[in-house]
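These are the structures, in structure tokens.
Two complexes follow with subunit A in common, the first pairing it with subunit B and the second with subunit C.
Here is the complex of A and B:
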């Protein structure tokens, strides 16, 4: 990635709110200007330069974050455009409320990936999130639009209260998937033996639109791009919310 | 301009007169090439001339699975109309009745940038009776409509752009059989070209028309000057005594280059066998240059090929 690089150099375990560091906000700023920006961390505020080594480059070309031993929350939260690559793990609320752009996390993501920020009614509403590892609970909660692809497993309440969009979890999910789901797709890379609570068994077949999803993910290297099949077991729900959402478990 | 001949076939010093049209392009896919053919032949049926059909349509080219959005066999279809409004009504009706009904089919936008957008799945989604599902991948929105063989996947909308309709040339031959053979050769040469279609049956027209009629209700009638059976009684006949049949190819294209390239390829193929194959002359249809702004002069078109 030819853009700006932020390499964490602070104390291990430091929690940092990264929501202010978005490509569209940093575009055109020099490394010195970015280093001087305030950033909430560990219950206080520090400058970016106090915690990160900031390389020369334009964030409009992409933002590479090396988290080291830090716990970086809200990475890419509210992002509307541009690219963020995290070379490691991300904390909670990564990509929350995101409306566009690309967020790629090479490691694991915490809770509420692509979900809603506290107090806000809707989660992610555009763009693409790719996670190379696992994700925590409530991934894609209240999601409205966009694609979240997690190569590993996701935690409990995946796609909870989802309004639309797609969450694809390569290694299955925790309990209560699709709780309160209104529309949208939760795609699981593992077979699902029983209909989840609140869902009806819709049978197994080939799904043409999954070809379109695969084309949309071309070049991402995600689990679904690598998987050849479009055959999946469909569960329709959450029936308590009208039953227009779906959980597709690859067969 | 000096007389032009190709293999002894006279190229008349005249021009084809063409008109601005609005077009769109759809990508149709299905499980097999045979079902692509079934869907597209239905979609492009009764679409030879805007005068009587409202639109002109044909398959532009077949697509390999690697070229289609859903990795299945497909075809690109171009549909030409007189306005965006006309096209909006015709396209959604045709897709609804001819593609959605065809087993295993799907319909995608083949034109993503243009002057405006017209609805596809966006107009058909209500057929899903509340069970339709929208999926947006990148900038493209698709609709999934539950149907009896699974789901009909259809892109939300497609762009329209300005094109040209009515490029043409006529083949004058010594016999009907030889005229048809030359026309078939011309069609085979034009069909692989991008950006141009031949909307008439088999790509060929046998009932060329002129503007007006002795009957007030008709805006067009048979082109008597090119009817061999009327040669003796038509004072303005354009046919020599040895011409037994005339066939016309009408081309619609995305721009002048596409039309010109198509005409050149078609005329070259039609005249390839020369007078020995019974082809006597190539001419073109026009209205004196007063109606259509696009003029394709045969000597110019073929002069580029002969340089």
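Here is the complex of A and C:
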């Protein structure tokens, strides 16, 4: 692509807060200007150029991040539009509070993927996040709208307190899925033998919604696109919150 | 170490000095008498023309304990913003280094609390609502607050043990023993009552409880809780009178309840806190107006009464209170829209509601005006204290702005003109000409708080007092003056120079320990075994737990009889 590329220098780095580097904010800036921006890292501040090799290109066309071994938190947090591609792993809060655009992480994502930033009542509000590897705990926490697709497994409290939206985890999830979930869908690529705590068994059948989801994910190369079936075992919950949410385990 | 502050104007109302030019001597951690001509000071500071005062004392500021910590958690974005604001912790981002880290404005971390206070020349702040069950947590946090002295007021009046004593007519002596035991066990400085009986009534589904209304479970009225506790505090001889957060906080028309509460004290000393929130009348189309004039008159004519204001300042803050009833009531107004409340078993409650006071809101504008009206209509600066009820009315960092509003009429009128256009018609603020003098500010923020808390060696500059000293430049902009002192000494050590921290210091924790009859302990122990989840010996806080082993500073109590 003709977008901008940020390549982490060196092979390991400290934690960096990437939330300032959003495509819509970098649009129109030259590589030199981007390199001069301050970025919180570790206990201090460093410039983008001090940590990353910045290629020429317009971030409005897309932002490619090569993290190497660095721990990049909050990649795409608060993003409203544009595309970010991470060729490697992302840290915590990737896509947290995101309201639009596309975030694609080739490697693994940390905790609170598409979740809520500290103190804020809502998580992701729109857009699409795709993760090639796994994701940590509290993925899609307090999510309001949008789609998060993780090809690998996700950790504990997946879709916790979800208000609406979709989290699709190809290789299942950790304990307490859908805790406090009000509405929305947690789709699991593995059979679920027992109803998760707070959920009631809703039977197995072919769900129209999954056809729609498949269409929405067309071209993303995600696990659900590759999976042939739209038949799933449905669990309804969290019953403590009214039971309008669902966990669908592909049968 | 001998330090000389040469040529300053001393504002030391406790010793009758109102701006006299004199040298001030500090020897180690105490203020010393002039050692005579032969003395060779280790450090001399020329403070000619500058204003020298004792360190300021905040008698009511929620700085430690359960609800403060819950407020920090709820207001996570405040800390997050600080952390990722583009500069590192402990650095103010404009070139000046600040010692240590921490974050937060309305819910500052422990270190930040101490740092922001001392930077304004405050050398003590007291946590006014320490629940017995949270006392250990509060003390651990207070130990962690550097620079300033602290202490906690024990919250009683909704605890099942006390209500049971009152309901079963166990007698004043038993109540006195219980109060004294609790103060000792929790290492507290004073007794506070929050919405007497109301928090307990809330647990039995009452959503309001007026002064003479019997509570749903114990059948005890707030009035009897109030008088019983006020009497216990008086008879035990605690230096600080009963610290009262009354009924009906924030409810329009509550000024009537507040006036009744003053009556209920029937001559016993009482401190009524954040009275701004208790001074609302119901005149006008909006059924919300100022009751400040009536209340100020009642306070002026009751010499046994002292008050602090709980001034509202505009901006984002968070309200944290043990008053579950009031907090549940205001929760729909939360901004941002999130809040929490909890019952604390057998003890009290807790409610945290974020709030943004806006000058374009009629109600908020009037609250601001009512607070200032009270400050200006109360004659005796020895009985009125500068508070914003941090963080409920505003973070304590607004004090310099508040002092400017009190000392500068033109500035005040200019601000009044910026408010919601209907607000000025419902307050007398515009017609009040009074401006506080430096001497009155020194009384209100130094001498009087020390006196009302019984801190004999604080709040003044006589030889033997703790060497807590603040030096300000006398500039016409009083906000700038009080925001950035030239020098602040804590315990004789120079910790702030030109508004910037230059060294660390630690304060101490003040407590009282009135005696009690041991028999009460058996009864309390049974209560702990039957009702609470921990044995009495674990409840009691040891001296070694205070200030990382330094132990508390004790203040004497003088037992007395109600005449």
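Quick note on the criterion: the second predicted complex is superposed on the first by the 248 of 251 C-alpha atoms of A that agree within 3 Å, B and C clash if a C-alpha of one lies under 4 Å from a C-alpha of the other, contacts with A are read in each partner's own complex, and residues count from 1 in each chain.
In this text, a residue touches a chain if its C-beta (ideal position, glycine included) is under 8 Å from a C-beta of that chain, and two chains touch if they have at least 3 such contacts.
Note that the structure is predicted; figures quoted are calculated from it, not measured.
State whether subunit B and subunit C clash or fit side by side on subunit A once the two structures are superposed.
On the shared subunit A, the partners fit.
Counting only touches as set out at the top, which of subunit B and subunit C does A:209 meet: first, second, both, neither?
The first partner, subunit B, only.
In the three-chain superposition, say which chain, subunit B or subunit C, touches more residues of subunit A.
B
Once the shared chain is lined up, is A:118 touching subunit B (first), subunit C (second), both, or neither of them?
A:118 contacts subunit C only, not subunit B.
In the overlay of the two complexes, what angle sits at the CA centre of subunit A between those of subunit B and subunit C, given in steps of 10 degrees?
120
Looking at A:244, would you say it contacts subunit B, subunit C, both, or neither? Reply first, second, both or neither.
So A:244 only meets subunit B here.
In the superposed arrangement, does A:8 touch subunit B (first), subunit C (second), both or neither?
Neither: A:8 stays clear of subunit B and subunit C.
Check whether A:19 is in contact with subunit B, with subunit C, with both or with neither, and answer first, second, both or neither.
second
Check whether A:45 is in contact with subunit B, with subunit C, with both or with neither, and answer first, second, both or neither.
second
Minimum CA distance, subunit B versus subunit C, superposed model, integer angstrom?
After superposing on chain A, subunit B and subunit C come no closer than 24 Å at C-alpha.
Common interface residues of subunit A with subunit B and subunit C?
Common to the two interfaces on subunit A: nothing.
Taking the touch rule as given, give the residues of subunit C at its contact with subunit A in the complex, in rising order.
Touching subunit A: residues 74-80, 83-84, 86-89, 336-338 of subunit C.
For subunit A, which residues are in contact with subunit C within the complex?
Result: residues 17, 19, 38, 40, 43-45, 117-121 of subunit A touch subunit C.
Residue numbers of subunit B touching subunit A in their complex, please.
Touch list, subunit B to subunit A: 69-72, 106, 131, 133-138, 142, 144, 150-151, 153.
Under the definition above, what is the set of subunit A residues touching subunit B in their complex?
Listed in rising order, the residues of subunit A that touch subunit B are 145, 147, 164, 166, 183, 185, 205-209, 211-216, 244, 246.
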